[in-house]
Every structure is written in structure tokens, then in C-alpha cells.
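The structure that follows is given in the form of C-alpha cells.
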Amino acid sequence: MARKISYQQAINEALAQEMRRDPTVFIIGEDVAGGAGAPGENDAWGGVLGVTKGLYGQFPGRVLDAPLSEIGYVGAAVGAATQGLRPVCELMFVDFAGCCLDQILNQAAKFRYMYGGKAVTPLVMRTMVGAGLRAAAQHSQMLTSLWTHIPGLKVVCPSSPYDAKGLLIQAIRDNDPVIFCEHKLLYSLQGEVPEEVYTVPFGEANFLRDGDDITLVTYGRMVHLAMEAAANLARQGIDCEVLDLRTTSPMDEDSILESVEKTGRLVVIDEANPRCSMATDISALVAQKAFGALKGSIEMVTAPHTPVPFSDALEDLYIPTAAKIEAAVHTVMKGRNAA
Amino acid sequence: MSTHLNTEQLLHAYRVMRTIRAFEERLHIEFATGEIPGFVHLYAGEEASAAGVMAHLRDSDCIASNHRGHGHCIAKGVDVHGMMAEIYGKKTGVCGGKGGSMHIADLEKGMLGANGIVGAGAPLVAGAALAAKLKGTDDVAVVFFGDGGSNEGAVFEAMNLAAIMNLPCIFVAENNGYAEATASNWSVACDHIADRAAGFGMPGVTIDGYDFFAVHEAAGAAIERARSGQGPSLVEVKLTRYYGHFEGDAQTYRAPDEVKNLRETRDCLMQFRQRTTRAGLLGDAQLDLVDAQVEDLIEDAVRRAKSDPKPQPADLLSDVYVAYP
Amino acid sequence: MSQIHTLTMPKWGLSMTEGRIDTWLKQEGEHISKGDEVLDVETDKISSSVEAPFSGVLRRQIARPDETLAVGALLAVVVEGEASDAQIDAVVQRFQADFVPGDGAEQDSGPAPQKVELGGHRVRYFDLGEGGTPLVLIHGFCGDLNNWMFNHPALAAERRVIALDLPGHGESGKHLQRGDLDELSQSVLALLDHLDLGRVHLAGHSMGGAVALNLARLAPARVQSLSLIASAGLGREINGGYLQGIVAAANRNALKPQMTQLFSDPGLVTRQMLEDMLRFKRLEGVDEALRQLADALASDGVQRHDLRPVVAQQPTLVLWGSDDAIIPATHVDGLPAEVAILPGQGHMVQLEAAEQVNARLLAFLRGH
């Protein structure tokens, strides 16, 4: 049996293996080592949740603590990427994009096109996403659709330790800027991960469950809720096909359409807010390109159109659940019967 | 006057300044015909700054510019016809017609791009300097921003980062007195932009930007400091722009005859010619020859740019990604 | 004297933790003989039949169709001789009270594959059973030691049996030096040396058959017998489209039509089987190794190695599925060997017709 490690360890291992292989890879971010200039330990934190712990010792001079200065160090990572290096910069929480959005939106994402195809910007921005840590409105967002909306960026959102390692290595080797979204509730998730180096290609959805009755499309942490719902629904005689997009840009449209052509039914599950989201985007895609195959309405299970609340009583209502997914599936299935 | 520059270097500096001036003045005329799409921000009047700084740089040194970037591009060695064609939106432009005046870039020449976002070049150049440091080269990186850009947080963050990481980075603030229509003596809280250097623990100087030799000397010191591993500097260059913020700006916010007086008394090209010929370093005939050659260069660039082909419809969709399945 | 046997969920392959009951093939009250197929079970990777390891009367079906049970869970009670229902109830009760379904980690406390560095290359092998002249199992192109999951334990009941991952495969090192048949055969020899095995039985499937034949050619003194299953090296033809297709396939849609060619029952190509193959192919170095080996094996659908002369060197058993779509069963013609063609079977005959293959192998090995 293959070795099992956590999502967090898988990310750490991907970084270590790529830094060992390629001397142009370096890490920059707030407290990615922790303790710069302080009298105590270096590598005191290894990232705010310890994801980069230990890399400072292995790669002295290539794990750079940055000041709390997102425009400065994210911009510097973008600049370094244009000069033949492969920076992996860490934006601690994706919510902090508010500080440095220009460097991603107007600089990194635009260089290649704006400069007539002559620039490459092999930047990876690792960032924590998602709700569930009672971290409230400014440390819990799921901004996948924001990044996906911007041409020039690639957007990755792994759901498992295996995917986290393979997608991160792919991201580091990729010559385009990549926003690598790590769901904070998945860090401790264990899974089989080869010790060897491997890449998981972008734009290739993972069929986690084959089924003929209905297609569940999702990504990130919601994959696990979709699988839980699918297991419950199987006991009720409804066979769900579960697709994990892995990357929202590029997005594996072919697999979504292939599955819906087979099942005729679609529920999209997205932890993000509902307006202009991956959920609406995928719904529109299917409505446009697989309309004839549909046997019922398309349902979306998303967060409400609110900021992420703090109180557990409210946050638990905010985040989609397996029960909500099951209810949405039943709604779609009923549509068929009514028709 | 005395200078350590030889004849070849002096002629090169003059040629750079003259080329910028001719390029911008021709654009001023051509823009009025309506043939040039979008908007352009002209650098005429500020030539000594670009020429004085870039005289110390090689192709592997990196610069980032701003919306008023033509002069920096020419001084860094970007092809003049390619620039003109870009401004005309032609396929033959340095960016294939996809960037335009505000996004001229040539990474092989170390030109990381003009930039439409004020102050955005500063963190990028800190990154280029970081790259040089991590790669172990003695390359440096220079960002040009204006008095307007000097108020952007991006510039402050980049200066702090460059200082704490001891990066080979030079911040050149071209203070032309106006950020769009707002005067810098109103918008900048301190007396000199260079005073802000102290807050980031780096040296800062304010110099006369009409004087090529003053810029050359101050920039040379800052660049040498960076190249030898002593960290970043801020150089404030005080100068003026002859034309509006963008073409079509009537500059009614400026004093009557302000530009006329500066042109007549302070013009950098005029000063350069007077000082070099009086000192016997260059002759009028040599400089006149450069003038004529530059006129031909610009005429050729405009003529070709006008007749060059536009991008094809397929170009709309290319070059968004290196690879996108 | 009577005996109450408990039939439990088997563990097929290294990663199986649970199985889903498909259908019962024997009913309560029926007499079953050792080796009979009692029920069908499917895992996320493969479906197969559970064979009775003992004879007797099937007295109690514990597992229900569609039920998913952990490895080691109670499936049925089989009684040799006489036993009352009360006695059976007591056995069931005690079993269920003591049974703790293991998670993945606990499963590993059983026999596990080992890894060793041989000549700078990592080799994984799985050593089961003891005694007798050892048998070494050599998988085929794109395979690994899990290809023997239905054979390895059964064969190991009578002798020491070692399955390995060839270079470029499974969890062995992926980098090949020359990428030819000699390199593969020598890596098997290196493992024999490491394990201090002088003379062994070799069994090879497909490309692994050619590796075994070539090993016998290189070191005849080391080979007691050869068992060749759908083997390469015995004729000209090989499905070049399959070889190129499997090498090129980078996603499940490209892989599926290739993988289905391997089996007589295409339904065996599960989502998980495709995913496992993709995971293997994504490992760094695999793509290059497979390209090297595919080139070394064949060109335009013609095999490069004729190893037929080696067959007569030692006792040899040749097994083939009649409907093999990768290498035709006609290659058995004229071989100086014990030959069996299994009707209706495809290329992965050792997986699909495991009990028949195991019976043939055991009988052959006992005789040599």
C-alpha cells in the first residue's frame, strides 16, 4: 500500500522536491520561515499553519520571509518570475488579495498578452481559501471565481493530498502564473501519495465516482461533501457521478459535458458565494452546450450571497452540506418525474 | 566643464536624447491627425533623465517604466520602428499591437515594460533585483516613476522591501511637477521626494533633471552602489514635461508661458549642446549630423509604421497563456 | 470429526481494504469443494470470485448482496461434518465480537512488499510463503506486482513466491539505463543474487515472459522451470496499436479503449483501474521508460526478440487466453512445452481466470 501523508505534508514535499530539482525555485511570503531578524529560532513557524516548515533548513537563502507588505513581496515575486526564476509566493489568506490585486490582475496576468507573447511569468501564488475555521469574513473566503475570471491566470484547487502534490509540481513547472488555492480545512486530510515526483495535468477533471443518474460537479473541499452525499444517495438507489474539477482555469468542459450527456442531470456544488461563481459558470456552460440532454433543472448548492459569518451557528449554515446536496439532487430527480 | 565621458559616449547620449525628442514631437503632430489610437503620454523635456540613467546600464540590467515610457524604452535600446508600429497598433509593433504606448516592453533589452498602473513598476523591479541577487549576478534594476507615483503605496512597500533585503535596486522619481493636473508641491507632503529615502534607510538625492551631466553622475553613484552590493537608493530628478499629461491636455492648470520659459532657458538638449561645444568636447557639425540621422530614423519609423499591417483576427486569441489545454 | 470454517473477505492486492458483495454463487445447504467459487465480490479496483479454501457444506451466508465489508470480515460459515445451529451461532457470535476491521495502516501489519537498492536502482518485491524451490513472478508491460494479486497468495501456499516490480514499473526505480530486455532480465538476476536464490522457477506474463526467457538465455543454470503466460518473445505479432496507445494515453478517455483490450470482460476496467494506471503513468520517468521499452520490444507491431529456442532449455509451461488481443495465442504452435489455451480468455488471463491459472501452475511446479 502506498504511503499516506497529509494534504499539508504533500504540499511541503512538492515544494521540497521541486526546490531540490530546480535551483530557480524559491519561496517568499509572510512567515514562510518565521523569525527573520528575531533573536530566537529561524523557521519558527514555517508558514502560519506550518505548511512550509523545514524548508528553510533544507534550502537556506531560498525561503524568504517577507515584511507584511503584500504589494511589495507579491509584486517582487511577479518581477522575479519575469527574470528567469520560479517564485512560489505565499499569500497567507486569499482575502489579502485586496492588498495586492494589482500585481496579479494587471501585472502577472497581463504580461504575456500585453507584451505580444514575449514574456513568461512562471509565478505560483499559494494561498489559503475556504470557510470553516471560525475565521470570519476576512479570513475565510473562496475567491476561486475571482481568479478564474481573469484571463492569463490558471487556478488550481486540489481536494486531496495526491492532487495537492501533483498539481503543485505542475504549477511550479508551468510557465503561466498560477493561483494555487489550498483549503485550510483539508490540511490534515490523509491520503495515499507516491514518494516519487509526479505531475497532475491542469484542465483534467477527476471522476471520483461513476454513476448514471446525475452528475455532481465540484472542486476543493466540497468534493468530500459531494462524495458523502453520493454515498447516501446510492443507498436510496440514485447513482451519482462525481467530478472534481481540480482546476477551474483551465476547466475540463469536455468531462462535464460528457457526464451530463450521459446522466441528463446536474448539480453544481461551490463553496463560494453564488453570484458570478463557478456554479453559475458551469450551469451556463451546460445549459448552452448540453441543453438537449437535460432531464431536469440544473441545481446549484453554494454559500449564500453574504460575507462569511463568525459564529459557528451561522458559519455552519453558510457552508454547503451533504444534506443540502442530497436535497438538490432530489429536486432535480423530481423534475424528471414531473416532466 | 569637465567630464570623464569620451566622444563616443557623449555622442551616444546626445543621440538618445535627440531621438526621444524627435520621436515625441513627431507623435505630438501625428496624434493630432487622429491616426493614432488610444492616448499617448509624451516624455519631451525629460530626456536627460532617461539618457543619464541608462548610460550606466547594460541589457541584463532591468528597468520598469510607467505610462510616460517612450523615453525610457528608447534609452534602454528598444527598436524605434517597433515602438512606433506598436503605438500605431500594428502587427510589427514590439508587442504585436497588443500593448500600445503604455505597455511597450522588450525583455531581451531588459525593458520590463511601460506600465499603465501608477507605481506598479516598483515592486516588479524589486523582484528583478531580488532575482539578480538570488542568481548571484551583479545586475541592477531601476524603476522610473513620477511625483504622482511617489505617493503610491506600492512604491513605499517596494522601497522598504528593497532596503531590508539589501536589493540592487534604484528608485528614480522623475518629478515633473504635475501628477496629471495636480501639482506635486501640493500632493507631496515633504519638500523633496528624496527626503522619503530616509524613512526607508536608503540614500536619497535631488538633482537637476535638465542637466544630463548631473543626472549621469548621481545615477552613476546610485547604480555603482547597488552593483557593489550596498543596496538601494532613491534619486529624485526634477524636470518638466513640455506637453500635457496626455495628448489633448491643454495644460490650463499651468502658469502662462511656464513651458515656453523652461524650453527657452533650461532645455536639456540645448544645454548639452552648448556645454559640450563650448568645452570643445563635441562640434556643432557632429551634433547636426546626429540631428539629421535621427530625423531620417523617425521619418522612416513613421512611414513604415503607417503602412505596416494590422494584427489579424486570430491574434485576438493568441498569447494569453504559454499553454492552455 | 467436524470442523466449523469461517470464510472471510480476502485481501486482493496491496491496497484493498473492503469489498462489496455482488452475488452468492453457492446457496446455503450446498456442498462446496476446496477451490470452488462461492461468491462474487467487487472492490473499487476489480471484481472476482471468492474461492473456498476448504470443503464442506455452506451452512450460513453472513454477508448480504450489496453489503460492503472490510477485509477479514465474516462472509460465510462452512462446516465439514456435523454442527448444530447453536454451535454455528456461537462461532459467528465470537467472530463478530472479536473482529476489528483494520484501517489501511493496520492492514500493513501483515506481509508487505520490501524495497532494496540494487546497483543504484530501487527494486520493490513482495516475498510470500516459504519452502521449496522459490518461484519468481514477473509482470508485463505497464504492470506491477499487483498483477499477481489473485495468484501470489495461492501459489505461496506451497512454496516461497516472490513478485517484483520491474525497473520502470510499480514502485521500483523508473530510470532505465539502456531500456532493453537485457536490463530487465539482469535486474531480476540482481534480485535473485540479493536474496541469495541460486535456482528458481520463473513465471512471466507478457513482456515478463520475455524477461524470464531472456534470463534463462543469459543464466540457464539459475532457472529450474519457466511458466509463460501470454508471453512475448514467442512469435512475430504483437498489438502495436495497443503498445503505442497505452504509452501515449494521458487521460482516462484515451486509456480506456487500450485497457479494455486486455480483458475478455471489458467491465473489469473500472474507474479505479484507470485512475491507478494514470497515477503510474504520471510518475516522473515512467513515460520515458515506457517509450524505451515499447521500442525495445517491438516495432510496427512486430516483436524484436525471438526467444523460442530458449523454451526447450528447461521444463516450460505455456498458458494463453484463446481471445488474447495483445499477443495471439497461435504463438504456442510447435513449442516444446506443456501448453494450455484457456478458452474465452483475454490477455490478463492470470487475473480473469485466476483459479484455472493457479491450478495449472501449482500442478506444473509440483512436477518440476
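Letters A, B and C mark the chains in the order given here, with residues in each chain numbered from 1 onward.
Criterion: a contact is a pair of C-beta atoms (placed from the backbone, for glycine too) under 8 Å apart; a residue touches a chain by one contact, two chains touch by 3 or more.
If you want to know which protein each chain is, UniProt gives these names: B = Pyruvate dehydrogenase E1 component alpha subunit.
Just so you know, these numbers come straight off a predicted model, no measurement behind them.
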{"item": "Topology of the chain contact graph, where touching chains are joined (line, ring, star, complete, other)", "value": "line"}
{"item": "Centrality ranking, top chain (CA atoms only)", "value": "A"}
{"item": "Pair joined by the larger number of C-beta contacts - A-C, A-B", "value": "A-B"}
{"item": "For subunit B paired with subunit C, centre-to-centre distance based on mean C-alpha positions, whole Å", "value": "70"}
{"item": "Centre-of-Cα separation between subunit C and subunit A, whole angstrom", "value": "38"}
{"item": "Separation of mean Cα positions, subunit B and subunit A [Å, integer]", "value": "40"}
{"item": "For subunit A, residues contacting two or more additional chains", "value": "201, 204"}
{"item": "Complex contact set, residues of subunit A against subunit B", "value": "26, 61-62, 64, 66-67, 69-85, 87, 102-103, 106-107, 110-120, 151-152, 154, 174-176, 201-204, 250"}
{"item": "Parts of subunit A lying in touch with subunit C, wherever the complex brings them together", "value": "1-2, 4, 162, 166, 192, 194, 196-201, 204, 206-207, 209-210, 258"}
{"item": "Subunit A-facing residues of subunit B, complex", "value": "62, 64, 93-99, 103, 105-108, 112-113, 115-117, 120, 122-128, 130-132, 134-135, 141, 153-154, 157-158, 160-161, 164-165, 318-325"}
{"item": "Touching residues (chain side subunit C, partner subunit A) in the complex", "value": "14-15, 104-105, 107-108, 112, 171, 174, 250-253, 271, 275, 279, 282-285"}
